[in-house]
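These notes open a run of structures that come right after.
Each of the next two complexes has chain A plus one more chain, namely chain B in the first and chain C in the second.
Here is the complex of A and B:
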């Protein structure tokens, strides 16, 4: 369709400068769609730099990665978008993994509802192992499909490992804390798994400088269960591993593991075995 | 100018298996091809060049830095592009999202500049049209190109490419050669491959590895010339041939110690390579 009239040049100039009321701008835009002559006039009036910036903004909006649910949540918590993207790629921060954590905690919490020491011991033994498994799955060849590309990038070494480990630990801690609130007769036991969780996660990280992260996590899990059982057998108290003496020993283990991780941090950067 | 790659007496073992046994290698800007059969130690060496695996022994300098030192390693990684033999992907990411993710890990913090760079490298490998597609929906060849795109981010000075042409069709390989040969005018490219055609078409220099050791290090032409006088055509497989196969025109191409009056032909790079690593090569090397 060809137009028989043309827009006022002053209106076109104001439109091109972005200095026109919305209603008139809409009217001129409707006219420009069908009038090649006026489009030609506008072409000569528009600031080319501004046009280029606008065009790239459109292209960028179309290309830009769509934030996942996790990225949006992290964004709300004040995490930078690029950091959120890196965290969103963590295998053990994916929805399926987190669902697994929730289900495991739900079963343990239900068991604890029995009101017996056995149910509570099950919860307290299981809860610290969840961040151990999550952190083990966050890096390394087995579960991170991009580990090799990630490892060769300047931002992919120990710093990334700590970032992911802290995020997984935080996420699992939050889920376990909510589950702990549902334990019968809220008492010191609601928090008795926190220090074990920290100590076991750090020990698993330290051991993963000697072997694969999966083997390290498996060894820590087996060791932890053995400690709980042996302690319970020796004292006839299922919860003895979680009382003051046990917590103190775990604090020492956590400190020793932290020192070992710091000392051997280079092995997270470049592997000596694959 | 600093030598981009300088390896001296590099060793790496897995248990009792010596994957890399005393390798010396120097590489300058241009393309160096690393040729060898499966299990030759190529991937282990490439992983060491990419700083993801530490050698057990030997001296290593990359881009003038020691990858064994934290500061040196970081400096190398800032100027390194790497395509592993089996690049993994977050399959729910689009091609753009995946390359953008690696760009973040490569410390490109300015969002606009990073996205411009992602578009540039996707354009280089001809993936602009599918940049919004999920990686799980892309063909194997397209995924290899996504892997190459991420390696090109930031125009690295050292490109380590472990079998980058695996799974590419002939047209894609041609495009790959165009891209890599353009990059290699300034950068040092170390490319491992099974394909002698890639080496012939691209490399200024070729290193042949076999059983963890370097068997040849020199020009591509020199590798072919090593087989001169040892390749001949005959109606049948000759008893003195180390390797022999029936070609499309019905004659056998024999490689080995040629008998008198053999119908000798010009050797190819493949002939030279097969002579080094093919059946019986071990006995000769010993």
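Here is the complex of A and C:
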């Protein structure tokens, strides 16, 4: 850009000191946009330490790890950035895990599409186990890479546990609810897995105060499948475990498990039983 | 920065796409000072101004491709900077906006005459506007902001920006006649 004139150095000095009338400032600003020479003059008029500090802050920002998509979405929703980081580091909230959940649900939904009780029973049995597996993966030393950090963190263990368990439960629930919409003949059965999901997840949490979270989840899964099979065998009705009586029993189990978790919450802080 | 970097501004932007940190440093060396001065005229809080300046160069580093390849890089940079400033102001509602545009330094009668010679009567008309009207003209006409962006920058409702602009127009027109 070759300019035929340049701004008066005194004007530039007054401008960068913020002591100039607006009309003249507007004229200088219009000129600065097109004139590299005058921009260079302003360079000498501004606090160099301030510019250097800002530069180092820029470099720091560029070198810091960028928040993941999940963290940014959570941030938009008003979640604090440290909480968002913890959630984003939860293995069962990451893409590969959720993909596994979706695939499992897809197979169960296809089975249920056949319209037989057998297919529906498969869906209703599997759906509640997904959050159980997700929560177990978030709290075991084998599957959670941040487990040691969490275990060593002073306090907050129980808080973190509830936070992660609730978010995993929510994410899995949302996926399963979408899948349930694809079930044939939408009726009460589409929601019959919600209470089992809650009861099984809570039971698995309660059991994980006695043993490792993976073992607790495996025991809950085995127990659940056994209950469904025995109940179906006894009544000659594949879906009997999900009807009113079964739902009531599951509600009682959920309440008992909640009390157990609350009573043994200190164990989550120390994890000394693991 | 001992050696002189003779790449043009668009060349530097192209180098940014190849993760060239020295190109960003050179752009910063050339443009940070005047951007800082210009931002400081629009916001009285130096922390907000510094943050907007930093955000500007972070945005440039991450999206150098949004420069269309024609026109002044400086103008493009200012477009980013003023919007980063508005973003900062929106996030900090408690920030004091620039309320009083230097009434203490309003030009003397003698200077008014000189201004008339230097810039024509429009400049005089602009300076004769009340500070509130002048701030709106500056944001919408000179900085090219939308009504909503100007409202955020000045910390007033969008409707107020519109009515002030309507009041300012005839006053500026008088200055030209």
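A few remarks follow.
To be clear about the criterion, the second predicted complex is superposed on the first by the 208 of 274 C-alpha atoms of A that agree within 3 Å, B and C clash if a C-alpha of one lies under 4 Å from a C-alpha of the other, contacts with A are read in each partner's own complex, and residues count from 1 in each chain.
Definition applied: contacts are C-beta pairs under 8 Å (C-beta built on N, C-alpha and C of every residue); 3 or more make two chains touch, one makes a residue touch a chain.
Computed from a predicted model, the values in this text were never measured in an experiment.
In the overlay built on the shared chain, the residue A:86 is in contact with chain B alone; chain C does not reach it. After overlaying the two complexes on the shared chain, residue contacts for A:160 are found with chain B alone; chain C is out of touch.
When the shared chain is aligned, chain B comes close enough to touch A:65, but chain C does not. By the touch criterion defined above, A:49 reaches neither chain B nor chain C.
When both complexes are overlaid on chain A, the residue A:36 reaches chain C alone and has no touch with chain B. In the superposition on chain A, A:23 makes contact with chain C only, not with chain B.
When the two complexes are laid over each other on chain A, chain A has residues 59, 62 in contact with both chain B and chain C. Interface residues of chain C facing chain A in the complex, by the touch rule stated above, are 21, 24-25, 28-34, 36-38, 40-41, 46, 50, 53-54, 57-58, 61, 72, 74-75, 78, 101-102, 105-107, 111, 115, 118-119, 122-124, 126-127, 134, 138, 142. Considering their complex, residues 1, 15-16, 18-27, 29-30, 32-34, 36, 39-40, 42-43, 45-46, 50-51, 53-55, 57-59, 61-62 of chain A touch chain C. Across the complex, chain A is touched by residues 14, 47, 50-54, 56, 67-68, 70, 73-74, 77-78, 80, 82, 84, 86-91, 93-94, 96-97, 100-102, 104-107, 109, 111-112, 115-116, 118-119, 131-132, 147, 150, 160 of chain B. By the touch criterion given at the top, residues 56, 59-60, 62-66, 81-82, 85-86, 89, 144-156, 160, 266, 269-274 of chain A touch chain B in their complex.
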